[in-house]
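Below you will find the structure I want to go over with you.
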Amino acid sequence: MLRLAAPGYLRFSQSNELTATFGGGEANVAVSLANYGIPVDFVTRLPKNDIARACEMDLKSYGVGTDKIVWGGERLGIYFLETGAVSRASKVVYDRAHSAVSEIEKGMVEWEKVFENANWFHWTGITPAISQNAADVCLEAIQKANEMGITVSCDLNYRKNLWNYGKTAGEVMPELVAGTDIVLGNEEDAEKVLGVKPEGVDVTGGEVKGEAYVSVSKQIMEQFPRCKKVITTLRGSINANHNSWSGVLWDGENLYEAPTYQITHIVDRVGGGDSFMGGLIYGLLTYTEDDQKALNFAVAASCLKHTIYGDANLATIAEVEKLMEGDASGRVAR
Amino acid sequence: MLRLAAPGYLRFSQSNELTATFGGGEANVAVSLANYGIPVDFVTRLPKNDIARACEMDLKSYGVGTDKIVWGGERLGIYFLETGAVSRASKVVYDRAHSAVSEIEKGMVEWEKVFENANWFHWTGITPAISQNAADVCLEAIQKANEMGITVSCDLNYRKNLWNYGKTAGEVMPELVAGTDIVLGNEEDAEKVLGVKPEGVDVTGGEVKGEAYVSVSKQIMEQFPRCKKVITTLRGSINANHNSWSGVLWDGENLYEAPTYQITHIVDRVGGGDSFMGGLIYGLLTYTEDDQKALNFAVAASCLKHTIYGDANLATIAEVEKLMEGDASGRVAR
Amino acid sequence: MLRLAAPGYLRFSQSNELTATFGGGEANVAVSLANYGIPVDFVTRLPKNDIARACEMDLKSYGVGTDKIVWGGERLGIYFLETGAVSRASKVVYDRAHSAVSEIEKGMVEWEKVFENANWFHWTGITPAISQNAADVCLEAIQKANEMGITVSCDLNYRKNLWNYGKTAGEVMPELVAGTDIVLGNEEDAEKVLGVKPEGVDVTGGEVKGEAYVSVSKQIMEQFPRCKKVITTLRGSINANHNSWSGVLWDGENLYEAPTYQITHIVDRVGGGDSFMGGLIYGLLTYTEDDQKALNFAVAASCLKHTIYGDANLATIAEVEKLMEGDASGRVAR
Amino acid sequence: MLRLAAPGYLRFSQSNELTATFGGGEANVAVSLANYGIPVDFVTRLPKNDIARACEMDLKSYGVGTDKIVWGGERLGIYFLETGAVSRASKVVYDRAHSAVSEIEKGMVEWEKVFENANWFHWTGITPAISQNAADVCLEAIQKANEMGITVSCDLNYRKNLWNYGKTAGEVMPELVAGTDIVLGNEEDAEKVLGVKPEGVDVTGGEVKGEAYVSVSKQIMEQFPRCKKVITTLRGSINANHNSWSGVLWDGENLYEAPTYQITHIVDRVGGGDSFMGGLIYGLLTYTEDDQKALNFAVAASCLKHTIYGDANLATIAEVEKLMEGDASGRVAR
Amino acid sequence: MLRLAAPGYLRFSQSNELTATFGGGEANVAVSLANYGIPVDFVTRLPKNDIARACEMDLKSYGVGTDKIVWGGERLGIYFLETGAVSRASKVVYDRAHSAVSEIEKGMVEWEKVFENANWFHWTGITPAISQNAADVCLEAIQKANEMGITVSCDLNYRKNLWNYGKTAGEVMPELVAGTDIVLGNEEDAEKVLGVKPEGVDVTGGEVKGEAYVSVSKQIMEQFPRCKKVITTLRGSINANHNSWSGVLWDGENLYEAPTYQITHIVDRVGGGDSFMGGLIYGLLTYTEDDQKALNFAVAASCLKHTIYGDANLATIAEVEKLMEGDASGRVAR
Amino acid sequence: MLRLAAPGYLRFSQSNELTATFGGGEANVAVSLANYGIPVDFVTRLPKNDIARACEMDLKSYGVGTDKIVWGGERLGIYFLETGAVSRASKVVYDRAHSAVSEIEKGMVEWEKVFENANWFHWTGITPAISQNAADVCLEAIQKANEMGITVSCDLNYRKNLWNYGKTAGEVMPELVAGTDIVLGNEEDAEKVLGVKPEGVDVTGGEVKGEAYVSVSKQIMEQFPRCKKVITTLRGSINANHNSWSGVLWDGENLYEAPTYQITHIVDRVGGGDSFMGGLIYGLLTYTEDDQKALNFAVAASCLKHTIYGDANLATIAEVEKLMEGDASGRVAR
């Protein structure tokens, strides 16, 4: 997906230059993983034009495999981004209707071949939100992954402005989540997508308490027996420049809580959740017996994402580990 | 329509900055006229989002009336532009499918009200190329304009990459041209849109001879009895930076030929035809008895457009007249 | 007026690019009002050159009427802006001497015609500071407005570097304020312009207490019997990036106090007062019986201005209302 | 003087970025000379503000002495530049009225001290065009230079838009030229400033013939007996991007003609004449017995100036000499 | 290698922004081939730092294999580029001393493994120019390639400013060329590197005649019996913006001559020879029985390179073929 | 030294534009002093190329004398800078190996002549870190300065990534410090360079207590009897955007402590220590009997440096004094 952002804090009407980068939920996770040295492929459908080819080049530069991309369709999805400041919120104008991936059809991707040497499949709630076709293909993939014994993870990623092809998230998502092993979301996702609601938490501003999410996690695991871990990202929106950030992981028995970071001078908040997921998959693959460490890696990685421009997290393992070890001083390395 | 251009001569894959301006056939003509002090309204359909509102602000800055715009639909049409050099051609990637105007419907524009104090209606062959709906509304407008005795002009403007909703230009355009008083086009348009072909002219490179177009003009006027003037733009593509530029006007009796300009260092060639049309309408309205002068104004105006960045022609009347009078020296005015 | 700003936090000597926007006290208020959908005209004098015409185009893009501008004179006023950070103050270098508006003369503007369908006239203390001529024409306008029963508002707007044509603000302003119904200022304005001084308030840093300004407001209303409301903006300058911001309104009987906002990451502080005035006029026109709400709108609107680049406030009514309702979280809208 | 140029070929109304450089007739000559290693001071009057200080820093970076600048006055002169292309001319909007140097007064510069170790004084026709004061001080300087036996050169530099303080160039300039040893100008300057007219030369376009200027030179030397050399720059304006360029020198006995250069892709034409003068002074000082070589250096140097952005000529002696020797191939040096 | 170019036509001292791209003789050929869909690896030595990693990302984005790069050493080579115009030549400031590749040592690259599935090895005269070590490793590679029956090509690429480690090109190159099957060069290379000199050709300006190079080619093939084809690039430097461009190929029996292109508005001339080589290798691999067509592809491809910014040729096969077929009109594709 | 910085908070791999400025420990101090009006020369060795000449021009623009620079050698040292945010640290990639100054040799600088009218010599620990040659010349200079009775100051400036020519700072620096009168450093410098360690101070984050450094200062003065003052900069790294900043001065008898500033929105932290030194030298020269004031000037000056882009401190004396007097409000000056 092409992201076109007004530079700095300019409003859309103020700039005749737009900064073009590429992003999107699943792509961002793929870049994170490639960046940590994990072999990864991005599977999508792109139109045969120069803009989409530039998108593919971008993915290749990060080391993301692009051989499994299906080429065809009318257009590349676009979103326009205006970055807010203090009490002025950032604005996203979606222009994703009729994108190549929204018109993907079952059978276009040879999932069996795609999954041949894979051991993990990740999807997000954005894909089924785009169109019935995309939702169908997403289900097709999840079912094949389940069949082949591949771990499936998802980020619920509720976007109210996207669900407009006639079905609600609540109607479509449960069948997909049912085939998923690892579920990531925030408080709003759980409520809007799965109808599960935390208690006593004010999501608009200030600090949020992780403990309150155990009940949410439990409800999800009951509803979806395949699910082994529920991870909740905790964002406190002090203002557009200053967020607090943390996360909790429930494995059915224990609640792991990560430290809370104060991100006082956000550079780019978009892709924060995706970088959490990228960090989490890396963490779960790397610290196989240590969910606390995997969670800490995910939170630290995504904390660093907020300091990096664009959708993609370009923080290195060394930087994430330094932050995990407690050094948040930002002292110059020289 | 939003135009997103890679800066300078960069290829799409080379730049992460895109220059955003607004344009489109009819809008460009409207800006030309407003710039010459002619009261003008731009009638289209735009979606209710910040990108379209920025487009409206741009039109207002030039003095184009925007009160008659109909608001609704999914998206603003986009085209991506990569500027060529020497023997490398410029590239246009259209992303106009499903734009608000392509999904316009008959009855959405109150043409009677729109035309209340108007005496001229201009349309281009791009609109009916986009969708059946747009073609229908275009016909609706032409018929109402004919009914109300308003002069109708069109620019045939053949774009092969746009005609893909199942009909060809040849099937759709004749009915529209039939209601038109003033027809502008180049050699390719006449052939592809109306099946009328000039003789003995090589359109790929070098100078072209205006005389050969009398036969084309005559054929058009026979086919479409309402048509009073046929104007042909004459572009010689020496290379992407150097074009020759002229035009001829046939009024059914005489062929008026304008001088030929050598545009040796093109700044921006897009919108050249639209600026010709803008200059022509101004010329016909201003030099009411002097088609030669009207034509000369059109050619000089559009020659200057090639030196101005963006779709819109911002040359002033004084600059056009100076060039018409023969001063092409480009000497600094100070 | 042309504003030429060094980009980012660069000093004048560091940049060979200057960002050109247009602004000025009254123009900024006009843009605010146009932006809220209030029909508004900007009345000034501009020289007949391309720079001033670009300024007019900018105003038109926002929907501000420019038909009443008087054309003539030598030059467009300029100010150079260098943006400070933390404890380094922003710098303004004025280059307004001999601007077209400073050499305006009585009779040049046909005020009776200008005011024909108007019901509000706003002026600022910057105009009479520029030249005796400008002061004279300002008085001429106020008197005509009074005569025609039009509400008059002013922003005292003291600028010590501007008053250098031989008279002090204290000598010129009272006669103008005498014809004014709504007076806006801050503590410094009241003291320097009208000789009225609050007590026990440290204006250099930290939070300021609104209550102390009742005495100031009362003194103003006694001195100027026409005055119906005195509004005071309350800025606490923690540092160049972080200000607190609020305001109080005294209607002769009650003191209305707005909430105080912490603007922790200022984008552009210039035009803050003008956006307050724009919000206030909108508020007083809209919430006709509710001064508290009008004040709250003004404070929230101008709080948002600090997050927007340039002199003009481009915050929407929806954004202002969201902040008025207490949502200062800056969460992404998507 | 501050030059504010719209970038690339953008019109004033198209850009919200202006490129700021410093320039002006005499300053440009000073930079040329400093660049060739000739010790040189720039004498002017600048206001005490940060913009003028940045101008001083710029001069210092080139090695131009700034100790003799007189500080005071209201403002730094400005000119706005829009760069033309092909048949669209560049535009200059002067904003020099009331600049510090225009309000300079006799006695402000201690010319005797300034000239202490000097052997050359250069002035241009722009200075007396600005104001009576500037003309008076210019005369004061010339007279002192004459008194102290310092060579005086001038560039007639006629600018019709500047002469508007009530006197014409023809009234003011002769007295100044009378004290001048070396006079540079083009055909237009000679006519507008001194009333001397060449014959049979079309200045608007195409090639010009040097021979026709002997008569002009002779007339000047008769009118001004102090004058020892008259140099004429020969510009053929094919279009805004392509000029031919040469010059002739008349020493009272012989006409020296330089080769004519085709400058087919002009980068920046402003300051072309100044760079000619800079090259000429260098040439006359260096090739003391060889006026042909001095002229050739001047023409080659200023030919190269057309390939350099900004007012100042940054071509090196080596580059000028390479071109003088006939290598105009522009082959990469590596 | 990192290329740092002053933007536009600015001199080094004029810009505080440098445009960073990556390039270098062999890398440019690799990008060309990858761009045509030929599997290709770039073999070099890069230091372990973020700048070199960005270089690797750039190569990966084009699809060039980077797995065979050897990591180590002190620094990445740099060159600074200032782009000339008209008669002002471009300037290259090399800063390649002590680059990682200049300190490469025999044995560091496992050539046997590198060449495992390869059938072509290309090297350029720049590598042995850098250091004795680089020359040694280059020889090591050529010998292994010869041993394994891999086609070896080279571009003589003489750079006088690089040969400064104590040996001349004439001392080092012959041994390397002796192992080479396909030799590319221009007239200057042949003379400076191999001591072979064409007759009657003026290389500084104007058109050059291909025929004169048969004798040069013959001499090379006699001197180096392994050599099967000698290709000469023919550049006519009209000026820095306008070159003519062609090439000839001698296969021991016939001289194939390509058409000559007039490149009238060069965008970026650096990498022109490399893009010729890239096109030639593609051509020889694709049109296996048709050297004329291979040559024509190489000349057309590199003609297009001159219209593309940066060292790398991003012209597509379709664009090259269109030009080969004679369409140099640069008409917009839409 | 050339500094090439990725713009804004972009990572190296994200930007193809690098912002080029010049800097380096001693140069930064020189610019600070020149900026305060103190006559100062920068002594170094620069290669004869255009990049180094641009560096010289930059120094001249600030008024730093460049006549004593020795020209020769291979290259100008470079460092690449990536600016961190919040918990992501800034990164410096040094590319200084083999710079002209690192290959300087004893005898190249005529120190006796350089020091002729000087009364102060400043060096930093960066110079001896680069190479044995640079260390030798540094010692040569210190010894000559001692001989001629010139005050010598140094900034210990430990950079672990620079010391890689085979000796440690601990081996080289003591002999140099022994000839030094005024020693500046922070806690890390003292430990790594001189083996002197403060107690009970956590240097990674938060506030640091000045008192703890008395012991360090005493140890230094005992070890180096020539040393008259030890100054310690106190930086608390809350995060990459927010530092606290202060300093203490020990004169052998008293500890002077400066106020601590909260720099909450850092613009550019590089050169902070150099600006402290520049301020300190100015302070000691100006407030000759008042070490407290000299220290306060140094701390306030360097506090302001953090708000200025680039290595050099461009804060004016007036700005520093305003901050010293307690006004940290950053209110607009207009």
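We call the chains A, B, C, D, E and F, going by the order they appear; numbering starts again at 1 in every chain.
Quick note on the criterion: a residue touches a chain if its C-beta (ideal position, glycine included) is under 8 Å from a C-beta of that chain, and two chains touch if they have at least 3 such contacts.
Only a predicted model underlies this, so the values are computations on that prediction, with no experimental measurement involved.
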Practice problem: Name, by label, each chain that touches both members of the pair chain C and chain E. | Solution: A, B, D, F
Practice problem: Could you check which of B-C, E-F or B-E has the same interface as D-F, with more than half of the contact pairs identical by residue number? | Solution: B-C
Quiz prompt | Separation of mean Cα positions, chain E and chain A [Å, integer] | solution = 43
Quiz item: Mind pulling the chain F residues that touch 2 or more other chains?
Solution: 11, 13, 16, 57, 61, 91, 265
Practice problem: Please name which positions on chain C make contact with chain A in the complex. | Solution: 61, 261, 263-267, 303-304, 306-310, 314-315, 319, 322-323, 327-334
Exercise. Over in the complex, which chain A residues touch chain E? Could you list them?
Key: 57-58, 60-63
Self-check item: chain C partner contacts - residues on chain D that touch it in the complex
Solution: 4, 11-13, 15-21, 49-51, 53-54, 57, 74-76, 78, 80, 82, 91, 93, 95, 97-98
Quiz item: What residues of chain D sit close enough to touch chain B in their complex?
Solution: 8-11, 13-14, 84-92, 94, 159-161, 204-205, 237-242, 265, 269-270
